[in-house]
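Multiple structures follow.
Shared between the two complexes below is chain A, which pairs with chain B and chain C, respectively.
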Partner chain A sequence: MSRRTATISARQLMLLKLTGITGTVFLGAVSLITTLAGAQGFIAVLGGGLLSVLVVYMAVTLGRRFPRLTPFEYARTIYGRWLGSLLGLSIVIFNLTSSTLVLRALGDFLITAVLPDTPISITIVTMLFLVCIGAWLGLEALARFNEGFFGIIFLAWIVVAGAGLMRIDTGWLRPVFTIEPVPMTRAALASGSLLVNGIVVLMFYSFVDDQPQVFKYSLWAVLVGSSLIAALQIAVVAGYSPALAETLNYPILELARNISFGIFLERLEAVYLAIWILGTFVKISMLFYAAALGLSLVTGAKSYHWFIPPLAAISFYLSFQADSVPQSHLWEGMFNQYAIFYQIGVMAILLLGAVLRGSKAVRDHG
Partner chain B sequence: MTKRRLRKPLPVSRFACEDPNNHQELDLKVPPPKPVEGQKDEPLELSLDKNICMLRTRIGASDDVVFREFRIGNSSALRATLVFIDGLTNKDQLQRDLLTPLMIFAGHTEQAESSSGLHGYAALKNHLLTVMEIKDVSTTRACVEAVLAANAVLLIDKSTEALVIGVQTWEHRPIMEPVTERVVRGPRDGFNEMFKSNVALVRSRVKSPFLRVKYARIGRRSQTTMAIVYDVNLAAPTLLTELYKRLSYIDVDIVLDSGYIEQYIEDSPYSPFPQVQFTERPDRVAAAVMEGRVALIVDGTPFAIIIPAVLSNFLPTPEDHYERWLVMTGVRLVRVLSITFAVLLPALYVAITTFHQEMIPSRLALTIAGARAGVPFPAVVEALLMEVTFELLREGGIRVPGTVGTTIGIVGGIIIGQAAVTAGLVSPVMVVVVAVTAIGSFAVPAFNVGLSLRLIRFPLILLAGVLGLYGVFAGIIIVGLHLVSLRSFGVPYLSPLTPSDNQGLKDTFIRAPLWSMLLRPKMFRPRQQRRIDKPAFVQHPPRQGEDDDV
Partner chain C sequence: MARKANMHWCRSLRGAVLLAAISLASLLSGCWSAREIEDLAFVMAMGVDTDPQGVRITYQLALSAPGGGEPGAGGGAQSPVWVTSLAAPSIAEAMLRLPTVLGQEPFTGHTLAVVVGEAYAREGIGELLDFLARDRQLRDRVRLAVAFGTAEEVMKAEPRIEAMPAEYLFNLLMQGQETGVVPPSGFLGVRIAFANRPLMQIALPALQPAPMPVEERNGEAAAGETKPSEVIELKGTAVFRDDRLVGFLDERESRGVAWLKENMRMTAVSIRRVEGTITQLANFSSARFSVREVDGAIRLHARVSQDGNLTQWPHYGQGITHAFLKQIEQDLASEVAAEVRAALAALQGEFNADTIGLGEELRRLRPQYLGLRNWDESFRELEVDIEVHAAFRRVGLTIR
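This part shows the complex of A and B:
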């Protein structure tokens, strides 16, 4: 039986996906892609975009087979109680790990760039508190919150990307296609993982009221998201030179720092960052909500709300496992490179099972 | 348990599943208030003396309750008693339309009875009493309720029925310009405390046969009458059903203002944001009813309430629709800016001066640093000090008589501000920030929203003082999450912004031309989406040289 407690529109799902993509770009994604692919990073982003289209297609195909069920539920339908629950639990762990890594990355970023005198525990606890409220209120509230603030978040991105592109030297990008296939593939996988964005479509497909529109809107999200990241990648690499860009921990912060309007409004990076943090909050909350909801469905609990405090405690504990900022960056980079394999893998397993079971599952639960 | 269930917001899905083609009119009623404890309901007796005795016992020894005993006709031995409250009834009308016919012209009754075939009360009602409102009652409680509701009750000997005669009148304020919603251009009439004249003011604006005015009473002791006003062709049945359900669950002793009703029917009682709109203006009620919303006009108060109400309903003023759209769009944007200032300016000042000084242009930074040089407090304490002082002044200014209030405002604003700067307690920049914040909060058209904004300003200042811009945005996230989770009778509070509704957005941050608003806002789920089914002509004004009939 479906445990849907909210409904969102396909447009809201698209905006959630887009915010999920852009929510962590300023934290380390551009830096990672630049490290892996250098000046050709923007090509890797476009490759990652194509990869994420494949993942979106798989997620929508699965969703169409089980339009009223979440993956936690239809995993049990396909593979039985124990194996299905195990699969559902793995999705829960994936979402929780993703959210924790983003949480830690945000904490690192804040103490490095904005609040150097504030302990990281304060920034993490504050964000975790907000995330708990967001997850408690549920997907509908998160989708509306994101829809309400999306305009200002995206405008901040457009301003930074636009201003960054205005001062590039295209010579740094030439010659194109000179990179080795392996680093290019690794960069494409990392950007693909970012663009897939924690399998949002898979998680929330059953909550959408106009499901036929999901694929179209998701493609738009991938297109816009990958274009934005590619533009930022170009702005960073061609603005600072590939060699300098590779040394920057937070290249987007540097881009934002250099934007000024006239001689009056300058050094506005804190404003951009504060606005982007709204997006980061939405991303972490989404993943956290998915983890709590999944856990409630796997365990058969009546409500997901009671899983939020223990998951928050686990997340808080895990976010302090990295001893230093470089170690945290390393872990985040590794996760981003290999997460795409898990995401494609879990969907392939579910899709294969659904196909082998035939259309019966659709009639029973659709 | 029941109340908790009632307060749970109506899910949007309930609206979504409504059939727009279902035009069946609902037969909804609010049950009358429960009787006051210890009040028994007894039938009237044949003996007039016993009935009078029972009524005296019920009403008690109040000097303003008049028992006027008389005999019907010149020679008849039939006794009667008129019971009414002095000051609440029109005594001239009683004398002219009731006592005179009964005491002087009652001789005609026999003739009338024989010719019409009517007897007793029927003959009295049809031939003698020349009053408009009249009805029969047969119990003591009904008699008491009628007397207390400013009617006159006629008791007649040897009859187990009494007549309730509607002769209410009392001193009241004339129809005046609304105090809280003044306009430069637009109607100047506002509601007063007379419920029926308030309903009439709305009726006079909407001459539609589909306008419904349903009366209901609430309050065990106050027996307050209210009118539920809606357009049966527009208001969503789910909305009406939910409203009646919530009204029927209200069980209080007294209702003195529509604010009482508001607090019982709102979805989230713990929210600082109003989920019901109040207005003194009949044109505003008429406009709301034409959008498919429902108005409640409560006796004894000039404030009608309108449901559902979303945040964007509190942004416009009535004259926004009476002036040119482009100008009023500009005014609305100024209002949005003023709201932003009212909420965020002190917090942003504290965050920037404490944590993000690099954002301030060098010259301005030097000026601020110079101004703050002698101030012993950090910016957050300085801001809180000034804000609290300002709130004290504002509260003090409101509660004292007009001229004194103005004096307090001047003394507070100029003298105390100047004195605080001279004493080195606050910097001049902070005085400017607080002044701009105050002006911004005055520009919010809805008083109750202004109160909410004042409330959330303080935690934002504290967060800014602790975590800088990160703290400010943490506060914004909390407020934003609260707003998106609020509903008013199932309508999301931030609609039409989110969930987005293009038609609704034409009348929020901007005010689109009236001729472009062909559809009603979707968020209220009106039964008829189009304002006019088939427009007889093009909706925009013809350009020069264009033919105006298509």
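This part shows the complex of A and C:
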């Protein structure tokens, strides 16, 4: 079904994954990792990178078994109509929760740091409106849009990370390897969850025309994403000291605010933020698209388009459930710490089912 | 088939272009938060003092046209800033009340300096630091300083060298930092020190408006009238323990700290000899720390290296030889070591405030040592060995 409507290349999938990873880094990711692992956060990020390689491997292995089907479809093939649909719905709920948390985090960020007088409802509605258009236009349009802007998005990250790294005092990172295993594991799980980025590979594998390249490109995405987050983590912790970094709500914004070129080109953070918000838009749109597509496949509807407005309405409602920014941060932090269990879990269930059912599924649907 | 694929490609491209147009257009909007520049009052500097109400903030506000008139309407010689004060129970409240005085919204994005009065600093600057860190407009490059007396006096100073007094203050603090007579005053450094106390403590530049001669009117001094100062003098370092001012280091002691913190860029070190004064313009300094254990006790070893140019030579008849330079380098090293020891004596003996960050150095070198100790108590007892290597690298355009 999916192959009939859209095709993207493995390279486009890699860029979508990378944009998804970087699309939320400036919100709460670095702050969360710093709170959990302090100065050793960069090691946790590398651990999270390894974890996400495992998830990518599982996703690609699954995808290879069902090259023309989305997980919503092969879940039903493996586990039957009801159990499979339940599994598909859980992925829809996961995507919706994930996108709602990002949406709220973006709203909190904008009202705190950039647009203090603009009601949060306006920023969320505006973003939702754009997301609806993005999801409506579909994966191909999103992939092309992302391809066009990725260069500038990534350049903005390189500039901020590079300028941040130029000012660090490496002494703040010493002594290395002194963190207890429990906080390190929690930080690795959180960064792994960010790097997996809403199981993009699992979701969109069947849309890729050069599928043999997916694993290689996804590994590149994980490598580049891990390196970037680790670099930002080091720039924050060794530039601000672990004690101060832990108190910062938006450490990446602080990094961006302190970058200037000479004494005449200053206050460029608005430019960086505008660019990064494009990445956030792509990420939320992807999640929305996947959720709407999942619903259409589970319910057997002809088009996914008509699921987008109700999903947007639910997301709008859910994004106002947190009473305050600290509560919103708490929920986002909890989600990021535990999401990886769901992501690995759902893939393990699907993979296990596929293995137990043997190659029949491949013959039937491959 | 190919035609169908081509149409498909075009359709997805059209979608991407449409997305780009809509999303970029939405980024251009300022929504409710858009501000017209003429509605903003640019706060160039702030002075914070104690007040019976709580706190008194003196604002130095940039005027769009000096004298308040239209640009070019004869306001040229007048001050480009307006200085006004406001008392309130808290700093945040003073800031919120400011629009009721100005009729404009204060904008702190261009603020260059925040000066704290001595009395306010002794009561604690924690509230101020919290306010500044929370403010989304203020930048980390803003400079902080402590005024002997009140900050209001500093805000009212009218320097002749620079049109904008806040800019003068900013540049003065930058220059002072390079010579080591005052510590770095950037807000980021203050935040880092405050977050890592007691292993690091806050040190801020101390300054004072130079007294102006009493103005005479018809040959008689006008009683009680003072003219705004035209010069602000740097007076060493204000030393804090936690957020409270506990005392001051003089310029020599401040430079002693600067040698250990590698803050120096350009400073003059003089050696007084019978035949005259030899002066070195030091333009490089570094400090390396190591820990030594002597009889079970920890000793911190600081190796300070510095070098620079010989700029004053009183031995007019004697040529400058390598051997003689080596001899006076010993005197130079002794002078630098004396400055460092004077600073340590004041910080450990008098104030018990680790503004150098020796605790942080120890944490990096021997984390297990600090884990067992309360640094507030052990800083006083820390033994620090000082080793100085000083060198003259260049001697100017003459050899004699």
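Descriptive notes on the structure:
As a working rule, the second predicted complex is superposed on the first by the 362 of 366 C-alpha atoms of A that agree within 3 Å, B and C clash if a C-alpha of one lies under 4 Å from a C-alpha of the other, contacts with A are read in each partner's own complex, and residues count from 1 in each chain.
Assume a residue touches a chain if its C-beta (ideal position, glycine included) is under 8 Å from a C-beta of that chain, and two chains touch if they have at least 3 such contacts.
Only a predicted model underlies this, so the values are computations on that prediction, with no experimental measurement involved.
After alignment on the shared chain A, the placement of chain B and chain C results in a clash.
Once chain A of one complex is fitted onto chain A of the other, the partner contacts of A:Y240 are limited to chain C, with no touch recorded for chain B.
Look at A:G148: by the touch rule set out above, it reaches both chain B and chain C. In the superposition on chain A, A:V114 makes contact with both chain B and chain C.
Look at A:L268: by the touch rule set out above, it reaches chain B but stays clear of chain C.
Contacts of A:I133 after superposition: both chain B and chain C are touched.
Applying the stated contact rule after C-alpha superposition, one finds that A:I122 touches each of chain B and chain C. When the two complexes are overlaid on their common chain A, residue A:A301 makes contact with neither chain B nor chain C.
Of the two partner chains placed by superposition, only chain C is touched by A:G171; chain B is not. Look at A:L351: by the touch rule set out above, it reaches neither chain B nor chain C. Clashing C-alpha atoms with chain C appear in just one stretch of chain B from the list 8-16, 134-142, 440-448 or 512-520: 8-16. Residues common to the contacts of chain A with chain B and with chain C across the two structures: 114-115, 118, 122-123, 126, 130, 133-134, 137, 141, 144-145, 147-149, 267, 274, 277-278, 281. Across the complex, chain A meets chain C through its residues 6, 112-119, 122-123, 126, 130, 133-134, 137-138, 140-145, 147-149, 171, 174-175, 178, 240-241, 243-244, 247, 254, 257-258, 267, 274, 277-278, 281.
Listed in rising order, the residues of chain B touching chain A in the complex are 12-13, 355-356, 358-359, 361, 467-474, 476-478, 480-481, 483-485, 492, 494, 497-500.
Remark: chain C residues 8, 12-16, 18-20, 22-23, 26-27, 30-33, 109, 136, 139-141, 188, 191-192, 195-196, 360-361, 364, 367 touch chain A in the complex. Across the complex, chain A meets chain B through its residues 7, 9, 11-12, 110, 114-115, 118, 122-123, 126-127, 130, 133-134, 137, 141, 144-145, 147-149, 263-268, 270-271, 273-275, 277-278, 281.
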